[in-house]
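The structures come next, written out as structure tokens.
After this come two complexes, each holding subunit A, first together with subunit B and then together with subunit C.
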Partner chain A sequence: MTTTARPVQDRIESFPTERIAGYGVRPGRVLPFGASLVPSGVNFSVYSSCAQAVTLVLFKNSATTPFAELPFPEEFRIGAVWSMTVFDLEIEDLEYGYRVYGPSDPDAGDRFDPTQVLADPYAKAVSGRSVWGVEPDWTDPYPYRSRLTFDDFDWDGDQPLRLPAEDLVIYEAHVRGFTNDPSSAVAHPGTYAGLVEKIPYLKELGVNCIELMPVFEFDEFQGGRVDEDTGESLLNYWGYSTVSFFAPKAGFAATGRYALQRDEFKHMVKELHSAGIEVVLDVVFNHTAEGNQDGPMIHFRGLDNRVYYLLTGEGDYYNFSGTGNTVNCNSPVVRDYVLSCLRFWAAEYHVDGFRFDLAAILSRGPDGAPMENPPLIESLAYDPVLQDCLLIAEAWDAGGLYQVGSFPNYRRWSEWNGKYRDTARRFLKGDPGMVGDLAKRVVGSPDLYHGRGTHSSINFLTCHDGFTLADMVSYNDKHNEANGEGNRDGANDNNSWNGGVEGPTADPDVRGLRNRQLKNAMVLLLTSQGVPMILSGDEVGRSQQGNNNAYCHDSVLSWFDWSLVNENSELLRFVRNCIGFRLATPLLRTRHHPRGSDVNGYPDVSWHGSRAWDADWSEESRLLAVLRSGELADGEAGFLYIALNSHWAANLLELPALPAELRWHVFANTSVAAPDDVATPGLEPVLPDQGWITIGPRAALVLVGRRLTS
Partner chain B sequence: MEIRTRVIESIMVLSLVGELDSRSAPDVQQRILAGMPRNECVLLDFSGVTFVSSAGLRTMLLIYRQAQSMDSTVGLVGLSDEIRSVLSATGFLGFFIVSDSLALGLAALRHVEQEASGVA
Partner chain C sequence: MPFTASSVKDGTTALVTLDGELDAQTADAFREEIERAVGWESQRLILDMTNLSYLSSAGLRALVFARQKMADETQVVLVGVSDDVEQTIRLVGFHHSVTFSDRLPE
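Right, the complex of A and B next:
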């Protein structure tokens, strides 16, 4: 007998018990689900409530025919879980999937089809769309191929940042769109690595949280088509159609062709963290890329259709997502799957939070009706692994469920505050009757979030969905012809105003007005309580030519144009200073809503109009000023006076009197030409006339009341 | 994978030839780690390396970490543009002292040695 010493980790499990299809195997471990590297082999674990048999299918990289098929022996099944350890696989040249046998009875909800190779829903990496935009082999019988990759990574002590939620300034960006334009001048355009190269820009801008549009593996060719008029090829660019929930989009990795997307993604998170920037992922659990009965069979449909999808009594797919199917989020099995997935991203990739697309669907029960106490949302709220993660709901769905302010929150969830967006945009364009509602929105929407904290309100004017900010002040109507649907797609309630001319214009008055409106919008957003979210590019006036639904454009239309950084440096400087001012001014970030208490002998929040202490709440009023009393960053008593005028005429404002030792200083005045439109935070000049100030037509003012600096 | 070892001006230079992937990585790892000197500089010459896989990257990182634990320093030269790009995108590049040529690599490591002895 040989006496060669074996490494101590070698155990009895390191040896096969039998051979199948030429490979040594042994009964596997049920947990963890998916495929895991174990000593000398790979453990495969897959479950299905009513499959009759399962076969493991193994491919060499990119091969269209498998090199081995290993049926799971019946005695390897525990409960509904089939598991098997397979030895001596060359894991860097391996793609795997499953054939699953069971009834095909669509009326009863069963759609098993063993002629198809199914992907592992727990695959940690996927190949098949590894390089963005490379036309796939449409005849490939297994298009989204599960892969094994190493999970070790040298984090150098990195961990999630745990910034207080109320201190965040969120920046919503698309990984590819952020750096794919040649003007980005990065070495790895359109990728996670390219984003890393632009971290200095983000730091200088001052944002401390980046919210990435979908990064779970999706297929940019899904629903792809060519616009017959322009010849442009239209792709699934945004990616709100998940193929694989545990796998980062390989086509967003410069190293995706080498299946190194996990490392590249982790490196990105690590570098963002070291720059003080949190990472929030936009996650899409409400539906999958499998679509309706005519869509592709990827995994869930052939594994356990009835378990994963909401079905009608006739076995048809409910369509609350507007995309063909609806995930059965509150079934116990799917709940567990979603929870495992988010835990994985939080623990494995150190991400700081999640924004849930069409989250109202997550509150629907197996019959499609909204639940009072939806167990998935509750589980996420109380999960120990996710405890420090930001959880943000897009609290509506395409089935008409609108839950802004009423999303089941467990004092844990935040929401995209759609009412903030609507009111702020209507006020800015000059609609009458908005002042009363605006007052609620700028103090963190206590009518919606009382008792939950101001951070429950994610305030935004624009997001990927809808006009960019520059288009909000340049177009009255959407212009979506380039989407190839005759301008029928996209929302019609844009609450936008073009300033007198639709689209680009050389008219200096209109251009001046638009420039001012952009600044007014940024003042409003960045001085409101709640967490502000800026759409990437809005800080430099990025336009989409009036397209309010650019989901299908992988082109200059939707990419960040870095030449705007110089071209619109005036706006960029204004936004940077507003972010800097917010971060330097705790009064704008208090976690609690106004209490009506006395601070420094003044109410914590009070409302003003042309006359101090006398706000005009009438239907025709388009002017509102708020006075905040509290502490400045140095702990000294201080005041903020923020006035917003959406009227077309200027107005003389009587300023509330300050305590004797304090003076009003001007941080921002959007009716003044740059560079005097905004001050460097902390260096605001004193206001000459402490009693009165004129606010220009459609303008915003921010004053700070503090001691005169000697 | 072939590994040639030589000493140039008291610095150990390891020249690798071939593909560093999951087939070759365990052997490369064992051979390099076994001969890793204590408190010295090691230069890895990659000009003969045509491909580095995920397993290969991990081997490189292990060599770096092992060297660090022995107060040694690892330099890298001869990276192809493609390999350099992969190392850069995944962040592995930041762990090494990377130079464009053998001469520059030796100079960079000598500089490290001098700094170390200066501190001591």
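Right, the complex of A and C next:
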């Protein structure tokens, strides 16, 4: 006879202690917050610092009116937490929310409204926008409905990849935009599953980290309007307006209609990991979709307005995000919420890192002022669950706080290096006086990140904000008329140059120049110390017709056009080879900034001009060459010589002399027509003249000094 | 059409036949049959879904339950799965854990 554990059904915690609205209930478990399955029942736990009463509201899936409302008994409350276990619910057919009773005193910051059904801030799945773009029922009193979730995904041994940060090549992409265009030829366009079908493309490109634009539940219809001139429906396409922080967007899932988005998302992470690609999520904690007092009431405003949001003395919403509200990130309760959210995504979804939108807001205190030692930033830096996660700060906000290089880092945080972007763009377009700054940027910006490691610097020329790379070399000015705001929106300091003609042109000289500039940009980005980030589509020259703020366009304007893979195969090959070269060449990924130390008789990094060992740092200089000494692909000691010329004239360069047994080989020369513009890494041809080389106008050159391969 | 699940042991194979609609209400009946098949410690579990008229997401999770309940070495074969259901299974990656078959294996 075998002994078995006492059946769960016999344990006292499985029995109700009373009945409310026809359902058996008992005092709930305070933790975990949110809704969780317990033996025979569902546990609901919600907190509010000053609510006077809370009612649990239950709906059948998609029903207009609730089938039951259960007030939480006062005696079930522990501190600010209202919790209750409810028995005999049909857990597969259930949506839940809360009515919260409290003072209505907006001047004091209290905006309780029990006529509203509020969502659970800890909801792990939301229904209401399960299929992208389907016109919702605008009369629905509860549009973003919290749902239960079930834990049964088989990770089959998957774990976060833990690639050293300095070895990453990041690719920023929008889940829907990546495959929604018919040219993608995927079975499920615009979805996590669609992205999985393009993993072979990503592998071949060589990127090893994909940064996904917002995937937390957001409402694509928020702020939606129809453009008067074109009739186009403008939506909240980018999604920087979070509705639900613990739930992946169902509308990005092919299986969203079956409420299987969590599984589909996990399957995507698992497949990316199998392909050696890390997953970083763009997360938006600086504001929520509730906006200011005129915006929708979703959860925080009706649960604990003055805890969650930065408010003035008169109860108005501070607006450091530019979107209506600002989350009170460093208040203790909100800090815990943010931390638990990130821990959840790291542990449950095996995410490898996070990029924090408008992160400067995360350093502001409850009074709105920047803090020297913001507890939230510190907590994240030291948290055990997040220890292997990449933490990337977009270290500015819309309230004038700019912290690139000064964001509280605890020797852990990385930053989007806005100065890299600005310096690189200005140099490439031919601005004078940029060579000194350029030198700092290519060695990982020690002026900003000294002592912290080069991986602190996320280098980029483009991202979702601003021009695509192709547009950066095709337009002097932004053209956002299609956004319906009279071209007033979007950045004006684009540091771009059109090469002589604004926009599309058939002029072969201008087109040739633009093509070369794209390659120059990629050489610069992929041979700089720091972590390079590429905007999805730049590798194939994607254009947004000069729109530098395409946040509202769910159309071909912002979708990846896969026909460019063939059309611009020359550029794609160039970028692919540069990525391969970077990943094969350890000395380009050195974690520490240059030390000026002796490496095989040469300084680790030295600067050159048209004469070797003699860089021209003058105001009018537009030429910079760097010699790096260190470890090459095969583990052998070797050298890299990278020259960048943004002058309109060619220049004859004296090459630094190599040790006797080594020879200069050409990896890349953007002045030369394809296929000789770039070599397969490891198969670079030897330079005929080892002493001199001409660099063309507006061109880049990458030489490798190594033994001759016989 | 009411849901029925019946199981039969055939050597080292457990065959569970499903009829009707597998959803939240009927998943329990399905799970009971799976528990029985687990008790037989079979090397192969065949789920005959040819006469399954409907499979909800709850039903899909019941299949995942079946997979996880069986020993890792046990082969799980799904017979007569509709195109829709097969597609959904592939989208969430569950297809790595099972084998699809058009007809009952010998």
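In the analysis below, the second predicted complex is superposed on the first by the 700 of 710 C-alpha atoms of A that agree within 3 Å, B and C clash if a C-alpha of one lies under 4 Å from a C-alpha of the other, contacts with A are read in each partner's own complex, and residues count from 1 in each chain.
The rule we apply is simple: a residue touches a chain if its C-beta (ideal position, glycine included) is under 8 Å from a C-beta of that chain, and two chains touch if they have at least 3 such contacts.
Bear in mind the structure is a predicted one, so any value in this text is a computation, not a measurement.
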item: Room on subunit A for both subunit B and subunit C (clash or fit); value: clash
item: Contacts of A:260 with subunit B and subunit C, given as first, second, both or neither; value: both
item: Subunit B versus subunit C as contact partner of A:270, first or second or both or neither; value: both
item: Contacts of A:481 with subunit B and subunit C, given as first, second, both or neither; value: neither
item: Subunit B versus subunit C as contact partner of A:149, first or second or both or neither; value: first
item: Subunit B versus subunit C as contact partner of A:193, first or second or both or neither; value: both
item: Intersection of subunit A interface sets (partners subunit B, subunit C); value: 90-92, 150, 152, 154, 188, 193, 254-255, 258-260, 263-264, 266-267, 270-271
item: Subunit A-facing residues of subunit C, complex; value: 23-24, 56-58, 60-61, 64-65, 67-68, 88, 91-94, 96-97
item: Parts of subunit A lying in touch with subunit C, wherever the complex brings them together; value: 90-93, 150, 152-154, 156, 188, 193, 254-255, 258-260, 263-264, 266-267, 270-271
item: Complex contacts: residues of subunit A adjacent to subunit B; value: 90-92, 149-150, 152, 154, 187-188, 191-193, 253-255, 258-260, 263-264, 266-267, 270-271
item: Touching residues on subunit B, where the partner in the complex is subunit A; value: 21-23, 53-55, 57-58, 61, 65, 85-86, 88-92, 95
